[in-house]
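The following pair of complexes shares a single chain, subunit A, combined with subunit B in the former and subunit C in the latter.
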Partner chain A sequence: MFAPYRRWAAPRHLRRGQWVGLLFVAPAVILFAVFGVYVVVYGFLLSFARWNGFSPDWTWVGVENYIALLGGNPAVSPKVAQATVNTLVGMLVLPIVVLVLGLALALLVNSVRRLRGLIRTVYFIPFVTTGIAVYYAWRFMYQPDGAVNAVLRALGLHSLAPVDGFLGNTTTALAAVIAVQVWSNVPIAMLLFLTGLQTIPDGVIEAARVDGASTVRTIWTIIVPLLNPVTALVVVIMLREALQNYQLYLLMTNGGPVNASNTLGLQSYSFAFGSITDLGFSSALGWLLAAVAIILAIVNLRVLRSRQ
Partner chain B sequence: MRRSRKLLAVLSTFAAVAAFSACSSQGGGDSVLTVWTFKQSEIKALEAAGADWGKQNNMTVKVSVYTPDDAYRTKIQAAAKSKTLPDIISIHSQGGDWKLAQAGIVQDITDDFTSSWQDQLLPGVIKGATLTEETIKNSGSDPTTTLNNLKAGHFYGVPYMAGTPGVIYANKTLLTAAGVDPSTTPASWQEWVAAIQKTQAHDSSTGGLATGLQVPETGYYWLYRPMAYAYLGADAFYGRQGRSQNPSWASEASIKTLELYNQLTPLWVPGVLGLGIDQADQAFASGKAAWVVGGTFTLSSLSTFGLSPDQVTIFPVPAASGGVSSRISYQASPLISGAVSSTSKHRAQAISFLKYLTSVKGATAFAENTLDLPAATIPVDSLSSPLLKQLVALVTSPAAGQTAFAANDFSADPGGTVAHDTAVQLAKFPAKSASIPDIANTISQLYTSAWKAVN
Partner chain C sequence: MTTTQLPHSIRSGKPSTAERNAVKRASLRVIIIVLLLIYAVVSVFPFFIMLGGALKTNQQVLTNPFPFSSPPTIQTLIDTFEALNVPLLLFNSAVIAVGSCLVILIVFPLAGYAFALLQFPLKRTLFAILVGALFVPGVTVLLPLVILDQELGLNGTPLAVIFPVACGAGPIAIVLMRSYYASVPYEVHEAAVLDGCSEIGIFWRVYFPLSRAALVTITILNFVAAWNEYVLPTLTNDDPTKFPLPVGLQSLLSSNVVQWNQVMAAALIIVIPITVLFIGLQRFFINGLQGSVKG
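So, the complex of A and B:
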């Protein structure tokens, strides 16, 4: 009879302390529950319904939204197909270009002995300044009489300066927006690589030089493999950026001209806030994007881990 | 004891915060009529009308603006959920008001919107604002577009701003410099194209035509549809969009309209596909385009960008020679309506305010403050802007013996995104990314799919 009483009394004593702890963590838990769990669950459920945001009830449709997006609805599928192609271009170009430029800049900055802090800050400016104002500035620079065309013409490269500017031309609009994405993301890659470079012991590089390895060979066979974890991180960040960033496309081209720069992220936004509001399609597309992003991140990390 | 006092204090604080937040979210008490709008340019006009009406009715009108459109939509959705809607919601007519009514967010005001009140509005406005059986039927059963909870012939908002797209604004200085007489309105589409060719030949960077083609609907709604309506005639124009697509989009006459539209391809200002609506207006106002296509609503925008009315001449999109009609005339379409929210505790006052806004006095003040067309009939001479007078005349003086074109009437269309998708296809002309037959066939397929979805 005694033992059970003790077992019951001890937790009661502890509960008083636990209550204080629980009170302290309660705001964070409530915030996470409301803005995290609730939103995720709400969005997931919405992906199985049709809803224009105004009607009081959702119409449950099961997996029809997913089927429609994946080719089962002629009014929806072609837009998604074109947006997929454009997104794939971004997913291919953005990680590669950002990796190459970020690593090159990091190596450059790492090799500089003087004013390294200043140079690092200067290269990091695009990352901290990107936002609506900068995107609008780029839009002006891409106009037919904008700065980019002016520079090209001044250099005698008239054939490379599009008459309609870079954003008013179906063949250049996507590339022009991806270029701005590269510009705004290279600094974070550079900073990550720089951090990685500073963890490589000097002795390893010195040993390679003593063995007669050239700079290129040292980078390719020693530095790059040692930076694999950073590379994995940069690739994951860039894939997420290419998949989910819609703000840049919305502000610079709104997916045009003629859907030439429409991406899946922007298409998801258009389903939610476009000419016909359909939050079910928007949510389903968002979940498809999330699934792709998670799969790619896992694959990427596994591939790089296997190379280590 | 001390603990219970603390508990009481905490509860009182929560109660006070809750009470304050409830007050602030609903935005008013018994003597405040709340109005939401999505147009910045309307605030001054609505506040002025509110002040005048409020004096007579011993109430205060509180006007709030939420822009852009998507933020406004989200605001209404959130307010509908939390039951903090204003008394009056400004909303796009001929669609937006019906969508809110279908969702139960705004009230049916048919009984209050009496025939004597309707008679005060411009010809065409009431016809446009009336929900028809055809529109309900064509909205289909899709839960995002259907209007099947609504009744044909009923009203769910009172139009207070009207107008029409299909108005061309031309820069007199640039026209004169190119040898084009700005005082002579082009008699046909072909004459107009020839005039643009002249201004562009004079200066290729500023002589072209602008409109906000980044929003593809501008090219379709504002330019192609009026021209095609005049060329095909009403029956063929609406028949082409109808269930049987008679005539087909790929028919000879339809292809001809696409060819006429394609004549503009080399005449757009450089980079037109990258221009938003405001940017196109700004380009015109700053002399970077000799012509801009818009609507009656463009005048206020141009005025905001500092364009002097003396520099501008206006005329409607001309009909092409060789078509069914040699002249196109417009009727005023309802553009923005005031709808009474379903949670309003001031229904009678809201109706009274909307009645004031559409009275001669209220509408004249609205026109002067916004440089936009009011939905009510007002004496043209009372307006101070000569261009506004011309715009009013444009929608009130149809050509003799001709049915005026209701530019915003999409009742013959199937529900869904087919109009937007058609606009995207037409944007392929300035983009030079598809041939005329390809575009015609694609649009035809779009309509076939859209009708199948409605059925």
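So, the complex of A and C:
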């Protein structure tokens, strides 16, 4: 009767109104042309110039900003190097911890029937509310006499409770901020895994159980491989989060103490709005970040496609 | 152990395999519930901290970090309302959040519908550009945005935040709406066309109401993002009467001695509206998010 619906081709009779489609996307295109394309072009051009934000003219310097950031300028490259290391730590730790916790919680939630909805709602609250208010609650909890230290001391773990608070010293600041990031991102991974679990037919798991496979084995050899597409999606989202979320770092530590929790995104922000500004550096660093994000996205899409 | 039969062990003196399995299953059940409860506490602990801190005096909050461990006082909430002009901050935040949601709900469902169901020139190119923007980090375009807002004369108005926030929500909103509209059986569209409905009529009378779950999802995601937006309002606005809540909250931390009880009270005021919104709409929200992943 009807031709099978394909993703991009609409049936022939629809072509009557080719311009209708353009009218429908026009508002989005206009919004993007002004607040998307314009700022992208502006920022890209600025990355090849030096500008302090006040003088009327830019000084064109070619790729000098990029070279300076990648090691050519002793005044900025050590800072950038430290921020790179911190960002890489986040890009490694965040996806792994969020994957493990998200999958474990999804399996646990999936195994109970009563109260499942309530548990799912409670677990999801950190993701929905994440932002300045939650960050400040964590800052308060991380204070030298805050709740986290108090819990550790109550458990007898005095040596693990830093005297100057988790955000106040260089050894724990980065880990403490990443922990908050994990806390606020585990819910979305859990929800995606729950969705994935619901698409696995009961028969598959039942068959494994009949064959005498243990729970652990069933999870590891049957459920985890079937969830591969979800895993890949979670990894993309978490890499993007680790690379791009600078507001968390800005509001929790502002990169301190002494750059211990500085990241590339925050460094780009500081070049533009911090105490010593160089807007060209800010733009160039932003575009290096964008390049990494785009490369990661392409690699991940390739991996996803090759698996299907 | 819910069985009403006489246990096998009493009859034979030895636990059967079935019984051992039942014990094993029951203890596994207990472990699962305990683990679920532990993570539930981890999830909501910061909110208890906010509530507990907001009900304490500054003295109590310094000496005892645990929530609900001192006799509660509402003096802190009163002080915070006085220090911050909370109603005005709430109003400014609501303008930004509602405004950007309106722009998003007008602009992106239309685009998602066109990408799902209509055929037009440059369709794939436009889709690639609009969605590819997802991978440009926010910080990369932040400075040009502030300069653009200034040039357009938007600085100092809520529009300086509303338009960039709406634009930033675009990629995800378009993908979500497109996959939702593509999952509606095509016969629906056929039938509407045969009934002589115009394209805008089909969209407005049939597809838009059908996509309630997806609309709720993008509304909540964006409402929360706009409600929490701190950087853009700070950079585009220096008039304290136009500040939204997150920027107003910042002033509590600028003094030498931070009054954590008041900061927690202000944090609570920020979090309550979005939590209520989420819990009220969560059925649609979670379904919408899950549907978008399956589709």
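General observations
Just so it is clear, the second predicted complex is superposed on the first by the 273 of 308 C-alpha atoms of A that agree within 3 Å, B and C clash if a C-alpha of one lies under 4 Å from a C-alpha of the other, contacts with A are read in each partner's own complex, and residues count from 1 in each chain.
Assume contacts are C-beta pairs under 8 Å (C-beta built on N, C-alpha and C of every residue); 3 or more make two chains touch, one makes a residue touch a chain.
Being a predicted model, the structure only gives us computed values, none of them experimental.
Once the two complexes are overlaid on the shared chain, A:Q244 sits against subunit C while remaining clear of subunit B.
Within the superposed three-chain model, A:D278 lies in touch with subunit B and out of touch with subunit C [touch as defined at top].
Contact with subunit C, but none with subunit B, is seen for A:Q18 once the two complexes are overlaid on the shared chain.
Legend: residue contacts after superposition of the two complexes on their common chain; A:Q143 is shown touching both subunit B and subunit C. Comparing subunit B with subunit C, more residues of subunit A are touched by C.
Of the two partner chains placed around the shared chain by superposition, neither subunit B nor subunit C is touched by A:V210. When the shared chain is aligned, subunit C comes close enough to touch A:Y42, but subunit B does not.
In the three-chain superposition model, subunit A touches both subunit B and subunit C at residues 143, 145, 273. Within the complex, the subunit A residues that touch subunit C are 2, 5, 7-11, 13-15, 17-22, 24-25, 27-29, 31-32, 34-40, 42-43, 46, 105, 108-109, 111-112, 119-126, 128-134, 136-138, 140-141, 143, 145-147, 149-150, 183, 187, 191-192, 194-196, 199, 230, 233, 240, 243-244, 246-247, 250-251, 265-266, 268-269, 272-273, 279, 282-283, 286-287, 289-290, 293-294, 297.
Within the complex formed with subunit A, the subunit C residues making contact are 32-33, 35-36, 39-40, 42-47, 49-50, 53, 62-63, 65-67, 103, 106-108, 110-111, 113-115, 117-124, 126, 129-130, 132-145, 147-148, 163-164, 166-167, 170, 174, 182, 186-187, 190, 193, 199-200, 203, 220, 224-225, 227-228, 230-231, 235, 246, 249, 253, 260, 263-264, 266-268, 270-271, 274-275, 278-279, 282, 286, 289-290, 293-294. Subunit B contributes residues 69-70, 73-74, 76-77, 80, 99-100, 102-105, 142-145, 205, 213-217, 270-276, 416-421, 424, 427-428, 430-431, 433, 445-446, 449-450, 453 to its touches with subunit A in the complex. By the touch rule above, subunit A contacts subunit B in their complex via residues 50-56, 59, 74-75, 139, 142-145, 163-165, 167-170, 173, 253-254, 256-260, 273-278, 280.
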